[in-house]
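Presented sequentially are two complexes of chain A, the first with chain B as partner and the second with chain C.
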Partner chain A sequence: MVERLAMPKSWRLESKPHKFCPGCGHGMVLKVLGEVIDELAIQEKLIFGVDIGCSLLAWDFFDVDTVQTHHGRTNPVMVGIKRARPELLCIAYMGDGGAYAIGSQHLVNAAFRNEKIMAIVVNNCNYGMTGGQMSPTTLPGQKTETSPYGRDPKETGSPTQGPEMVAAIASPGAYVARGSVTNLKQLKRFMKKAVENQLAGNGFSFLEVISCCPTNWRTNAKQTWAFMEEEMASYFRVGELLTAEKDEENS
Partner chain B sequence: MNRKTFRKLHYEGTKGCFNISPDLCKGCGLCKEKCPTDVLDWGKELGVYGTPIIVPARLEQCIVCGICELVCPDAAVLIEKKEKVKKMAKGS
Partner chain C sequence: MDKLIQEEKRVFMTGNEAVAWAAVAAGAEIMNGYPITPQNEIMHYWTRLAPKFNKKFLQTEDELSAGFTTIGSVLGGKKAFSATAGPGTTLFQEPLSMAEMMRIPMVLVVQQRGGPSTATVIYSQQEVNMVTFGGNGEGWRIVYSTSSHQELYDYTIKAFDMAWKYRFPAIILGDGYQAKMRESLLMYNPEERGIELVQPEAFVGKPGLPGRDRPASHLRNAFSVEEELFDAAMSIQREYDQMASEIIEADQQQIEDAQLVIVAHGVVSRAAVAAMNRLRAKGLKVGYFRPITLRPFPEKQLQAVAASCNNFLLVESALGQLARLFKEALFNVPVKTFQTIYKPGVGITAEEIVEYIEALG
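Up next is the complex of A and B:
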């Protein structure tokens, strides 16, 4: 018997094994986030906000104070907490449906006002919890429950490029990046920088993570990796879009 | 307070040890596909969701890179490198 194998110390043991599907990318993202929480020793002052959708299954994931809101309202709730208690660290954790579809107004305005919170958006190209319907980030030609012949960009538009959108409106001091669960060491570096950006009080920190949904994509492990590494990576470019160093270069 | 514990299966290799918990492994197979030396395969024991768990079927090929531990979404895999064990023994 062993207490925790490779689990970060901030993970709540009582809720493990967690409720995500086998092979879900949320587990990998939350493992990286847990390691960052451990390394920066921020567990005591962290407020973790989860959105509706699969991301809400993380509401008992960590041993930290957690609040769950609906449809992208995680951003304004975190903004409110951060404004009332600036010494706390606020992380909003959302899926692509919550952040880019119903909740995009909150994301855009929080980024526009350069609120000192951090937002993590886990992009898996569909609405996972409700059965795999088409989401704003569904790739052109990708088959989902509501696009059975593949997504047609002429009818439904092109997939939302979240970090590009936020980077276009964000003020100096913001940190915007896109990571992927296919490169977890790089993702950890990005996540650490995003948290440190909020700790320094510079501005809005935004991180999108390319993730997977084997259940609704109906892929096996091999096809899951291939879809993320080839099709998603060709459309969603991984990298940092706005950092403090880039601000200095531009000024 | 009694803290939750998980069963651990321990496999000893030449370069390191492979540990897996059947209480955590959901049998997604992501680690199996990422293994650069094709060590992992499906086992006979069933995991928490009633699916076969991963076992190091070809442990002699393991280079203890730790990628399986890194990608496991359920933190069910733990790799222990042998050099570290030796160093810890010396230090204590």
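Up next is the complex of A and C:
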């Protein structure tokens, strides 16, 4: 028997150690997701869709049926599966580029239609897989390969506020939250509620996760943590934006 | 469909309506689509039929989404399809390429309109390049080019079957004329005719706990190194080649003594046949050849024709898109004369072809 240590049961041993860079946030997000899969016992009916970008590296991460799609197209693939097989649970997993740039049309319309899927957006303020270009969530002044002198909001706009955008257009029954890998307990709580929202068939479930990319940020552990806790947190507010309870309060 | 097409039924309808009925007859369960002329009525008829037959429809935000939701529905184990045209076919190259790589049997109806760009909503044969070799790939598709409403019906049913049998995306290539005009056809229940419909199978979400009762499905289209892709590509190509010999279709008439063979596909082949008949009545030895599958292309059939007659007149409503497939098929085969009537985006009549050939003297 291989020692599983603290690995969630739904993790696939054969694909560990995983393929993400040292210090990457994906491992933490996927650990939280793995624990939620175990605790809610959804491994059998979960379909995990991964986008192109670093998220594609999760294509064989779980002992869960997984579909790697195209850049930005994970939401529609999951929508197609969910509509064909409503008894399944569909989670689209992508980065900020896939969700808010190339796939924004799909995200917005999935939210408008209140599709009964869940989308997880791992926000690390850049395109990691392609080598650290500016992304929709790159912070003002942040240096990337395509904003080498820092992002200038006058030229390239301000960071996309994903959950705020989705919350503004979502229908009753939707769950929208933003968590962070700097607070895994809270992230797990949000993750669980988002999954449960789909299990209950309430509506679109959306979770952005503030994450990190020390490779492209060129930061050490301390700097990485500080960037998330200080810089990112000042633009991206952590918390729940839409929940079933808030629906009730508003009704 | 259980009641509506139990018995054979002679009907008079548009090609788009025939396609919707054929999809029902083929056992399709889901259509996802985005409006574009001239295919809209396929969605219109499907959405009217859908609730009666427990079928589903989603109007998506664009053709990318139409393609990728259709892929999702197929992965879920349902026969699913979409329909598009022109710029929509351009956007469909992305989902089609994923279907090629991951062997996803999505079905797509393309009713060609004028191109490039927005062009006309009416008619052309200018989407041949796109449906055969569009996308970043090797053309691993099945493409049926139909010429009548009966064929739209027959080949829509066949496209679902071949897609699911061989696990390649399948395209029914019509055009705006076929989409919008009315003509008669015989609708039937394929199973009544002894056609055993291939049953769909889920790619994901099968029973059992993944990792314990069964291996998890890990479906991917990205590879880490060149050799990994090479192996995958060569294995798909082998299976495509193997399929090719089983599904290639062509039509030909009066080749034996022909001194000139008219080559055409789709609706233009009707003008070609009519022209051939009129010229034959005048004593001119004219034959006709038509590829029905544009992918895979009936190369051997065409080569056999060329061995018997090597004077060709190729006729198409495009600037040489069929001609490119023709030339590739006859590479290194001696062709004495090769003439063309190219009318991009415009219909071609039998009279024009007759006149052209008579002027040759």
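Convention: the second predicted complex is superposed on the first by the 249 of 251 C-alpha atoms of A that agree within 3 Å, B and C clash if a C-alpha of one lies under 4 Å from a C-alpha of the other, contacts with A are read in each partner's own complex, and residues count from 1 in each chain.
Please note the rule applied: a residue touches a chain if its C-beta (ideal position, glycine included) is under 8 Å from a C-beta of that chain, and two chains touch if they have at least 3 such contacts.
The shown structure was predicted, so the numbers you read here are calculated from the model rather than taken from an experiment.
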Touched partner set for A:Asn109, first chain B, second chain C, both or neither: second
Which of chain B and chain C A:Ile47 touches, first, second, both or neither: second
Chain B versus chain C as contact partner of A:Val79, first or second or both or neither: second
First, second, both or neither for A:Val67, with chain B first and chain C second: second
Partner chain(s) touched by A:His18 [first = chain B, second = chain C, both, neither]: first
Partner chain(s) touched by A:Ala168 [first = chain B, second = chain C, both, neither]: neither
Partner chain in contact with A:Trp59 - chain B first, chain C second, else both or neither: second
Intersection of chain A interface sets (partners chain B, chain C): none
Touch list for chain A against partner chain C, complex: 10, 12, 43-45, 47, 52, 56, 59-60, 62-70, 73, 76-85, 88, 105-106, 108-109
Chain A partner contacts - residues on chain B that touch it in the complex: 3-8, 19, 21, 23-24, 26-30, 32-34, 48-49, 51, 69-78
For the chain A and chain B complex, residues of the former touching the latter: 1-8, 11, 13-14, 16-18, 20-28, 31, 181, 184-185, 214, 220-222, 224-225
Interface residues, chain C side, partner chain A - complex: 29-30, 32, 56, 58, 60-62, 64-65, 68-78, 80, 94-95, 98, 202-206, 208-212, 216-222
